[in-house]
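Chains here go by letter, A, B, C, D, E and F, matching the order in which they are written, and residues are numbered from 1 within each.
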Amino acid sequence: MEALISILIGVLTACGVYLVLRARTFPVVMGLTLLSYGVNLFLFATGRLTIGQPAVISAQAPGYADPLPQALVLTAIVISFAMTAFVIMLSLKARAELGNDHVDGHADEEEHS
Amino acid sequence: MLECCDPINASHSQRLIMNLTLVVLVPFLGAALTGWVSRYGRLRSAWMAGAVTALALACLLPSLPVPFTGEPLIQRLPWMPGLGLDLVFRLDGLGLLFAMMILGIGLLVIIYARYYLDADDCMGRFYAYLLLFMGSMLGIVLAENLILLLMFWELTSLSSFLLISYWRHRQDARQGARMALTVTGLGGLALLGGFLLLGEIAGSYELSVILASGEAIRAHPLYSPMLVLVLLGAFTKSAQFPFHFWLPRAMAAPTPVSAYLHSATMVKAGIFLLARLFPALSGTPLWSVLVMSAGLATLLIGAWIALFKHDLKGLLAYSTVSHLGLITLLFGIGTPLAAVAGVFHIINHATFKASLFMAAGIIDHECGTRDMRRINGLWHFMPYTATLAMVASASMAGVPLFNGFLSKEMFFAEAANFFDLSTWSWVLPVTVVIASALAVAYSLRFIHDVFFNGEPHDLQRTPHEPPHWMKVPVEILVAICLLVGIFPGFTVEPLLAVAADSVLQCNSPAHDLAIWHGFNSAFAMSVIALLGGLLIYAARRPLFMIAARHEGLIDAGVLFGRTQQAVIGAARAVTTAFDTGSLQRLVALLLIGALGLGAVGLLGVSAPLTGTATLVPADGISLIVALGLGAGAIATTVLHRQRFTALIVVGVLGLLIALIFAKFSAPDLALTQLSVEVVTIVLLLLALYFLPQHTPAESSRVRRVRDLGLAAIAGLGTTALAWGILTRPGATISGYFLDNSVPGGGGSNVVNVILVDFRGFDTLGEITVLALAGLGIYAMLKGLRLPGMTLDPSGRPWNWDLHPTIMAALTRLLLPLALLVSAFIFLRGHNQPGGGFIAGLITAVALIMQYLTNGVEWTHRRLHGNMHPVIASGLLVGTLTGMASFVFGHPFLTSTFSHVHWPLVGDFELASAMAFDLGVYLVVVGSTLLILIHLGLMRSAATQERD
Amino acid sequence: MLEVILSALILLGALFTFIGSLGLARLEDFYTRLHGPTKATTLGVGSLLIASMVYFSTRGEGLSLHELLVTLFLFITAPVSAHLLAKAALHLRLRSLAVVPPRAEASAPQQANRDAPSDETVQR
Amino acid sequence: MLSTAVSIAFLLVGAAFVMALLRLLYGPDQPDRILALDTLYVNTVALLVLLGIHLGSALYFEAALLIAMMGFVGTVALCKYLLRGDIIE
Amino acid sequence: MKRHLLPHPLLTPALTLIWLLLVNSLSFGQLLLGLLLGWLIPLFTLRFWPNRVQVHKPLTLVRFVLVLLYDIVIANLEVAWLILRGPRRVHPGFVEVPLALRSELGISLLANTISLTPGTVSAWLSPDRTTLVVHALDVRDPEALVATIKRRYETPLLEVLEPC
Amino acid sequence: MNHLVFLPVLVPLLAGALLLLVRRALPLTVRRRLNLVAVLVQVAVALALLLQVTDGTVLVYQLGDWPAPYGIVLVADRLSAWMVLLTAVLALFALLYAIRGSDAGSRHFQPLFQLQLFGLSGAFLTGDLFNLFVFFEVLLLASYGLLLHGGGAQRTRAGLHFVVVNLVGSTLFLFAAGTLYGVAGTLNMADLAGKLATLDPADLGLARTGALLLFVVFALKAALFPFYLWLPTAYAATSAPVAALFAVMTKVGVYAILRVQTLWFDDPEGSLAGLLDPWLLPLALVTMALGSLGALASTRLRIQIGYLVLVSLGLLLTAIALGERDSIAAGLYYLAHTTLATGAFYLLAEGIARRRGSAGERLIDAPAMPHAGQIGALFFIVAILVAGLPPFSGFLGKFMVLRAALDTPAMAWILAVVLLSGLLAIVALARSGSLLLLRATPSEGLPPGAPGRGELAPASALLAVCLGLTLWAAPLTDFTRATAEQLLTPTHYIEAVLGTDMEGAGR
């Protein structure tokens, strides 16, 4: 399972990285989203993998997962949501101000053709 | 080596009166005052400047006798003793000599400038700059601390920049000023380096210590670099070859400035430094080679160029260069007598050159030009001024009875002594004689070409004698030239002696300032130089032609200009090579840096990546989910150019991630991920409407390969990190949370207790981020107008049905249900999965659903759209809840809870963390709705202006 | 006995979930595929939720009926989703095995219907 | 017996996931993909319920409940985009 | 005034019931809390749901639900069989159901009911809301299907929601 | 419990929330006054805090009354208090400038400004790694909001770049923090110091990676080469008061580097000893060199200032990289200087731009400006400050750094780069100064809507503060030296955070 999750983190990160490096705002936003998936999963994984042991205190519980990374991921999810919202908005503003959706505001040939 | 006799005992005499500090500070304060009084009449500033200078002189007076006792006067005001940097001043012979020159000639220049400046020149500004400069110069010569000296040194560069660029409308003035600043700035920085090293070597920046530890300094391994740096500073300031070019270009300054800066002060600062550090630094082969060769080259080149300058001030400027070379050469020769001669020539040059500049200024003033080809025969128009100028020129040429002759004789004697039959030793005397002959020639030219040589050509006006007071400064200076030249023993000798003593740090060797020393080699050289000068001047026409042919061939100034352009060009090239304004490059660099350093971290030590923990076996469903997730991620990447499609796939990714969270014991995370995912999708859809539906294929192949490479490495790297961590048994602080969640935090959902209690502060920050996102987006929307798509991506008109009936009717049904669920999630969050954040998202989504299905107008009639108060009260509720614990003397966010028993109702738990969670809830609802609603409203806003 | 019922319910639910997705994968046009998920929603998830109710209610911790809510939600929402999907497919004129009523594919309501009585939800 | 049934059920639901994922990747049209997403939401509910039974934990119920709601909003938004472009108007 | 305090008399008990389901508890405290929420939420959502829903024949409603559940099971089996046999055997088709129901809610409930039973999806509602186009997975006799829909689903819904 | 530590965080948070709440209820002038009062309170609080920690006490505030390393703690030592005070002072002048009118263009300037302060103070005070992340996000998002208010293609593009690259940086931060937690099992920075010093050799690779990734993030915030490209354009794009406030934002990165450098990597016995040593100094020097080249190459004043900021950051990080008591002390003195001087420069730059008509801040000829004398004098002084020329604080700071660099192996390099980049800075500033102030076509009078002399008051006041830095250099450097000493003996910090009976608590 550990290998599976590790590879998954890697794949999500790799795809995120590739998309973040694109020239248009929308793929970059998607890339940031994928990156945040990857890093949230990673952060989550630092609490190691436990199945069926949520950190809810009860007498019957056989054990508990590490709750701290979960709390951190929760915070990270919210923050990255806020940031994503902001970038999305910003990409619209860029589109309005720059006339196209290139991250550097270049109008390029394909836009015209 | 220094042939030093009994060294002066450098005992420090402390005086209570801080008059030296005042001497330096008065001009600075006076500068401000002068600038201020000029508002009330331009001439007042001249009077004020004169008064300030006189005051500074007066401050100096009480200490005048001290240097003659043989002990320097040292006064200290502590500033940064820990750094060895105090406001500490020193008055010894050298300092005294220079201070007198600076103040004396300064006063004359102030008088002179009063008449020189035109009515439309701002006099207050001029005098303010001049006083700034004067103060800086005084600081240099009176500083006991090298760093203090350096500070004033740089201030002279800055104030001379202001003075040279005084006529700011003139391009040559601006360029000259910048060039001077650049070259002297370079020198100043080199000097800083040199002084730092010197201080390190000597263990102190104080001259008393440094001058006493010459042996140790010269023996130190850092001596050579230090010397080079210090000399660089001195040479640039004193316009030594090859840094001489800035000086002639500084002639764009008003002539009083030239008379002041380029005779007695600015350029003498470098010479002063050579003299100042002479005991500590001189006496090594390196010193001799560097200082002598610079001096010699400057002497010769300056004299040669001076001869051919048609510009009056140009001639004087290059002559200055040449004389500075002469003095440098003397210090380079390094014998005590040479040093004495050097000091003597400093005085002499200052007097005759200042008077010459002033005379040139008068001529310029009267003729409206400085071109010697046009100025001729002024003897007829201004005989008195001509006489003065001719006396000063004679002194410059080294004609007997004038002061220049005396120091030049000493110089010839030292040059002759240098000749010791070794292979190259003849070079020095020969060159010296040639240079002197050139000096005679250009002095002759100055006299003949200006005052005789026929009639003036097309002058704007008829020249005549200047106002009386404009001549007075020249008269005084010329008188000094004569007095010193004829009665050296009565006039200059005591000052020279005490100055030379302090240069040598011992009693200076016997020197006879008589005019006549008999027929010795020096006299012979003088005669040869005079005759040679006459010869050269006689042969000037062919020489001028030769010079004209080679003009500009090797012009260091042009070279400098090209160098500067090249440096700026290189700077542009380098800067634009890095900073292309490309986000992709920015991100790529960040990633490369991170991947590189990450690799260094991981591979830099031989530690196993795989740990020792027992692993969890994989099961089928996890495999499928993981495969789906991986395939989805790759699909998003491959399909990313079809934006809507990619968006759908991203939705699936979020769902699968939530599943993984659920599977691995994180129900809270699963809930959060699910809710956030949907809101994100809605957000992306809202945005996509205003964006192109497809991403053009525009990345080059190279770029794609590079990005794929980066992506692959990033993937491998994070996989390795995750694998390394997952395979290690973890030992974390989480046990504490599990142990204290119920007894200390009053909740059994540990994750939630961490969020609202153990690490509630994180959550406070997190909701602030959310609030900020809302506010930031709202702020950004102002004035934003974007056309949406008028046709759908396939080119068809949009569907007519804005709000499909079936959808609209049923989602209204869902609203109360969703709100109930939201309340449920909120209330149980402390003990079971849930909490304020998820509840907030559910509420927000339930309301968004109304917008989606019923439209903005319909919903807005039912829901108050102003979310700012909601966000603000959320933040306030969270903060105030945290502050409530202040009342009980506990830190912020200290939680409390109690079980309340109400009859019939049963046990209720009341926890302060719930109130905090309410703040979270409000911020989430407010921010999410603010963002989505206003984004959704954008198109309507495009047509009709709203808030 | 309980275990048998539970097992049967679970298997039934899983089976219908599977069949629903199988239909999604196998069927040949969008409109027929659209029927697949209904199985997963109704009998599939329904059975599983009943199983869950039975399972948690018989563990001695009291009755567990909240699974009904999930069913309620699904029964309200799933048909609406299906309806909207079909509407979108019609709008996009996806390939259909069956003959599509022409007016259902129209981008704008036909002239005849323009004046039809309508309240706020109909196009102005 | 129960655990065997649950295991088989996991297999079946897993297979359902695969089917839906294939449809998601294959398309061919956007409604197909949205439909696949919608199906995946439902399948996830099924999976969570199974997981709850499998682990004997009631903690997955809220997730199932939430999916029923959130999945709907997602699907509606996506369909609305196809129909109108502007999803909030 | 009464309407302001208790806008949806049916909704309050319904929400209270749902609350009790949610918390899986029948304690008095939860009942009170449920009532409180069941009262507050309709107050808040009043503006979103202005027209009061009236159920006229509760028994018909119950019977309708039972019929529906039975139909769902049967239809599931039929359609499952269809799918398992393979895509070549299906005969899909669109049928147009003329509507007697007039209210938005009624039409929506009917459409949902149709979609819930496997094999049929209500795909399109005409702008004048007189016709519901239904896609059926396997339709041999369109008229029979329309008749079944009207008889089994629309009629009881009419009785419950729009008796007049 | 001494609430004073918490007040620098609480005051702006409360003020921000309140200002948001009363957005429509109160007129702008009242809100401006509220804002100003809050910042004044913040200055007072920061001053009080500084006075409390001057004697070397490390004040620890356990939020929620949970002990470290379990709860989040705020820690005020000399360094933190110094940074908080610096921020507050800068904010005061930036605000004084803003409320003269440039805040009216933004919908949320007042609350965003306070929340930015909240983020900055929090980042300087927190003793928890993840909490630092949160505060990074707070201050970044606030700065995005401030950066982007108003329109314009340039601003939007710069903002987009700034936001995206920082988001990637945030992702890196999480990877780094996660890795460190995965290895050391804790997030408290003091606790991490102990755990990272005594690592199992098998975990060394992961820990090093985590730490180095964290360094990359901080280097990005500090605009260290090669992550500096965002700075000049982002700073140039925003409004003057915001740019002035931004002057302290890069210092957050510098602060973080200094903090972890002294806390984690300084103990020569520790597992991660000297981890940053191969990187920090060379990168700092390259940053300085490229910054000075950029300053020379700039065609716009504010871009040039941005590059000059890079030069100063390079010097600052050089001081930190040297790691000696004296160098760090010098760096901390220089930090205050460069922050305030840069702030003043940005305020002044807008004043200049607004007086030059259509030429604005572009380095081209333009009509002579009104009040050229006053502006010229201010420009001259600020240029002297920024170029590190005598007699002001810039020179003193540079001198102290160089002095501390003298007996280090890299002396020659440092001397060469610092001196040459200083020269380039002089050349660049002489060029822009003479273009902006000397080389003017005849005056056209005051452009319509241009402000009067009073606009220059905040910049002048900031320069006066820099003059104060010069005059009171001795007590200030005594303080920074004590700060450096405290940083170089982190045991006191660690004990104060974790408590002495640390072994008994926890697991």
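A few notes on this one:
The definition used in the following text is that contacts are C-beta pairs under 8 Å (C-beta built on N, C-alpha and C of every residue); 3 or more make two chains touch, one makes a residue touch a chain.
Protein identities per chain, from UniProt: A = Na+/H+ antiporter subunit C; C = Na+/H+ antiporter subunit G; D = K+/H+ antiporter subunit F; E = Na+/H+ antiporter subunit E; F = Monovalent cation/H+ antiporter subunit D.
Given the structure is predicted, the values throughout are model-derived calculations rather than measurements.
Set side by side, the interfaces B-F and B-C show unequal numbers of C-beta pairs in contact, with more at B-F. In this assembly, the C-alpha centroid of chain A lies 39 Å from the C-alpha centroid of chain E. For the pair chain B and chain E, the distance between mean C-alpha positions equals 75 Å. Rounded to whole angstrom, the centroid-to-centroid distance between chain A and chain D, based on C-alpha atoms, equals 21 Å. Shared interface positions of chain A, defined as residues touching 2 or more other chains, are 20, 25, 28, 38, 40, 42, 45-46, 51-52, 54, 56, 68, 72, 75, 79, 82-83, 86, 90-91, 93, 103-104.
Counting partners per residue, chain F has 130, 134, 137, 141, 144, 148, 151, 157, 160-161, 164, 168, 175, 178-179, 181-182, 187 as the residues that reach two or more other chains.
Residue positions of chain D touching 2 or more other chains: 10-11, 13, 17-18, 30, 34, 36, 56, 59, 65, 69, 71-72, 76, 80, 82-83. Inter-chain contacts, as defined above, occur between A-B, A-D, A-F, B-C, B-D, B-E, B-F, C-D, C-E. Interface residues of chain B facing chain E in the complex, by the touch rule stated above, are 800-801, 804-806, 808-810, 812-813, 815-817, 819-821, 823-824, 827-828, 850, 859, 861-863, 902, 904-908. Every residue of chain B that touches chain C in the complex is listed here, in rising order: 792, 794, 796-808, 810-811, 813-814, 817, 821, 854, 858. Chain A makes touch with chain F in their complex at residues 16, 20, 25, 28, 32, 35-36, 38-40, 42-43, 45-46, 68-69, 72, 75-76, 79-80, 82-83, 86-87, 90-91, 93-94, 97-98, 103-105.
Touching chain B in their complex are the following residues of chain A: 1-15, 17-30, 33-34, 37-38, 40-42, 44-58, 64-68, 70-75, 77-79, 81-86, 88-93, 95-96, 101, 103-104, 108, 110-111. Listing the residues of chain F that touch chain A in their complex gives 130, 134, 137, 141, 144, 148, 151-153, 156-157, 159-161, 163-164, 167-168, 170-171, 174-175, 177-179, 181-182, 187.
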